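Chain IDs A, B and C follow the sequence of writing; residue 1 opens each chain.
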Amino acid sequence: MLVSELATQIGAEFARGSDVDVTKVCALAEQCADGLSYVSSERYLRALGATGAAAVIVMPQHVDKAPCPCLISENPALAFARAVDLLHPRQEVAGGCHPSAVVAASANVDPSAWIGPLCFVDEDVRIGAGVEVGPGCVIQRGSVIGDGSRLVASVTVCAESLVGRRVLLHPGAVIGREGFGFARDDQRWVRIPQVGRVRLGDDVEVGANSAVDRGAIGETVIADGVKIDNLIQIGHNVFIGENTAMAACSGISGSTQIGRNCTIAGAVGMAGHLTIGDDVHFTGMAMVTRSFERAGTYSSGIPAMPGNDWRRNVARFRHLDEMARRLRRLEDEVAELRQAPPSEGRSP
Amino acid sequence: MLVSELATQIGAEFARGSDVDVTKVCALAEQCADGLSYVSSERYLRALGATGAAAVIVMPQHVDKAPCPCLISENPALAFARAVDLLHPRQEVAGGCHPSAVVAASANVDPSAWIGPLCFVDEDVRIGAGVEVGPGCVIQRGSVIGDGSRLVASVTVCAESLVGRRVLLHPGAVIGREGFGFARDDQRWVRIPQVGRVRLGDDVEVGANSAVDRGAIGETVIADGVKIDNLIQIGHNVFIGENTAMAACSGISGSTQIGRNCTIAGAVGMAGHLTIGDDVHFTGMAMVTRSFERAGTYSSGIPAMPGNDWRRNVARFRHLDEMARRLRRLEDEVAELRQAPPSEGRSP
Amino acid sequence: MLVSELATQIGAEFARGSDVDVTKVCALAEQCADGLSYVSSERYLRALGATGAAAVIVMPQHVDKAPCPCLISENPALAFARAVDLLHPRQEVAGGCHPSAVVAASANVDPSAWIGPLCFVDEDVRIGAGVEVGPGCVIQRGSVIGDGSRLVASVTVCAESLVGRRVLLHPGAVIGREGFGFARDDQRWVRIPQVGRVRLGDDVEVGANSAVDRGAIGETVIADGVKIDNLIQIGHNVFIGENTAMAACSGISGSTQIGRNCTIAGAVGMAGHLTIGDDVHFTGMAMVTRSFERAGTYSSGIPAMPGNDWRRNVARFRHLDEMARRLRRLEDEVAELRQAPPSEGRSP
């Protein structure tokens, strides 16, 4: 595809240089005579200067730095995402069920949906138009999968879960598990049956081996456009607002409410019953033990340092309260020294 | 069901108000003319006053606060758990094997057990009475599943694992993986074959996408009544004592022994070869690097704070040992100033 | 097997005592009249003295401490690993496909490979000699599994992934997921299709429920001999060098490059785009926010302590920057007191 034509289709402007053919995307550092790449931040400007790509998508102010034909966009990453879709189109699947799939009699599968090999679709499940259920998925009783959603492979959707449209569920994702709710009977734990469900909005993603538990009562809600990476745990009755994104290895305890447009970096842990506002950002490994309702960036944790330094500093941390008291006492003593004539102050 | 009748069945006392019908459980905040809810702590008293539930289970001292008929219990959560069982009974499964399941000739499956669609039950497996194996499960050679256990879906039980009675295994759980044991051969790692197994006691739960590794030699033991949430890693030869409960995202390294009735909050990490006593409680994200044999609550980690504050404080932490030394020196100097006549002390 | 014979086969020297028969391996603490155990560190010397094993593999300097026949090796763990292989040989599988497996017409499966029950092998997959694909695995379009690899059960290999020789993939592992890459379109996230792939070298292991994402463009590379434990996340375009080992629950963000022969303990988190050198070691729960190119051990985190101590110290940490300023001010004041005659300095 000529880059001039591609530019039109992805909403970019063909800027400069000869109208080369590109057939695929490539990394900036690759030598690739028919590859398209992009630069969306200052920190790749040096790599841009040395790129072996056939053409690059850049911001207007970076055109000068490129040694090759440019497509100009205010949002190169977005234009690039569209270009990948065009240059690397996903294979369309035809509707139907693989003969090895087991589909219950009462399941309602749209004729345009595909049910892959060795899948199980239980009673009263509804599968929308254009849905693609990859191999080895299990969709339990009464669940609904909205139009255009894709279950890549080996996904488990537990009973009564509601999955929106254009949702992407990665391998190993578990939607609608009966959550962790117990009553104590003396020392024993007695399970409180979890009778709620999960509702995933439209355009939601859930990553590989992540789990979203059903509500204890009522719903666990993942609103439209939320992106959940791999190995993430979402407890019962959590609410996550629109377009919030969570990186891998994080965990949200039960009943915590998270606002819209938040970003939660990797390995963040949140206690239960918290309220997190809109536009709140947590950096990696943050330990969230209280509500943060105001927009802003919040952090915690001690970044890694050489082991010897760490050991010494940690040993002092154990006595930090005592250090603070000694500091206060010293301040008093110095203040006294500064005020009183020394001879009087010291020998009563 | 009339609440008076329900009260009898769940061991509560019907206290006050008209004898309404309830058909389901509901959240305290819901408007639900036939719903039953409960309050087990002071912090929901305000919500109790505004509840739209038809009836609530409360502690004796909270009856006055309820605007609706009450069932009285000293342990409302436990009474509620029983009520959910009655109002939302799980569908009983009949015994048998789905025709798409693959069951080895030498497997011994109790006639009252159910083997779901697309399951694999290997040679020499024993499946007890009333067991329910949901769709897509794999049970490898020589494993035993005790009476009344339930594998929800997509569970993998590796060879020779012993699963007790009334055990609940959630989707994606992996029981009996060959653990992480290697010998070094110069720079290369050589796997030490793991010839032990896993033993799960009665009434154990293992959550979605959690893993319990087999013993290297001997057993990894999860004692009766232990509850393990989602995305938890249990290393080889770990022992977890009765009724200990672990919240999601935690990891226990090999050969660590944990006592009874402990609670381990989310995202806790434990080093290997530790000994943790009975009734020990770890708060969320605790980093457990040594044994704690005495009952009590143990914590670590720095809770999240605004990013700017965090950056400044972390920068100081890197010099905490130096700060402690400066504080000590200053204390000496001030003591000297206080004791010696200043003129003598300063100009030698 | 006589221990003298075993010694020859595992490269150890039969040292002392009668030439007993061993039939299995056992723990040092077990009473096992035909069991072989080993001691590879000083800290088990007391247990060695009390062992009930029939024979033990020990280092030369520990022979005196053993109450039973000894096999001598400079590397008892390695000799033991070989002994386990001999005493507990894994059952060989014959080549072929279980009748319940679904293998696409264009898949190229070596006749000596075994495809287990309820597996799906998609179009254009290549499976090498002696590969064992356990029950319930999914191998998607175009992937390659090298000779002698073993997929234990319930493994998902996504499209176009390259798996080396003698690779061991544990249950629930997900190889080649489309990673977490998005462009912003106003508040919405638009997926950037991930067109790269995963390349696992020879002798790699990936643990239960771990995930290795494919490259966004280009490859995610796990070099020869890398060992990845359970519940680990490897982001897109990560590179991990030869023989590096990672313990459970860790996560590596996208594009981070890790050297050879590193050890990464449990629950370590690494930010993206970092460079970690060869022979770098991170202790458990380390928070890695910057590159560490020099060999050495790096650490972070606050080890758990009694809850009351923790609360007090954490409260002080929030004011650490302020404490540091107060300390500095006090130093200045004391210096002033020491230099100036007190009367002049204080009453201007």
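Structure notes:
Convention: a contact is a pair of C-beta atoms (placed from the backbone, for glycine too) under 8 Å apart; a residue touches a chain by one contact, two chains touch by 3 or more.
The model shown is predicted, which means the values in this text are computed figures rather than measured ones.
Interface chain B/chain C: under half of the residue numbers present appear on both copies, so the contact uses mostly different residues. Between the two copies, chain A and chain C, the Cα superposition rotates by 120°, quoted to the nearest 5. Centre-to-centre separation between chain B and chain C, using Cα means, comes to 24 Å. Residue positions of chain B touching 2 or more other chains: 118, 136, 154, 172, 209, 231, 249, 267, 301-303, 305, 317, 319-320, 323, 327, 330, 334, 337, 342.
The touching residues of chain B, counted against chain A in their complex, run 24-27, 30, 37, 75, 77-78, 80-81, 84-85, 88, 90, 98, 100, 116-118, 134-136, 152-154, 168, 170-172, 203, 205, 207-209, 225, 227, 229-231, 242-243, 245, 247-249, 260-261, 266-267, 284-285, 301-307, 310-311, 314, 317-321, 323-324, 327, 330-331, 334, 337-339, 341-342. Partner chain C is touched in their complex by these residues of chain B: 102, 118, 120, 122, 136, 138, 140, 154, 156, 158, 172, 174, 177-178, 180, 182-185, 187-193, 195, 209-211, 213, 217-218, 231, 233, 235, 249, 251, 253, 267, 269, 271, 282-283, 286-290, 292, 296-303, 305, 309, 312-313, 315-317, 319-320, 323, 326-327, 330, 333-334, 337, 342-343, 345-346.
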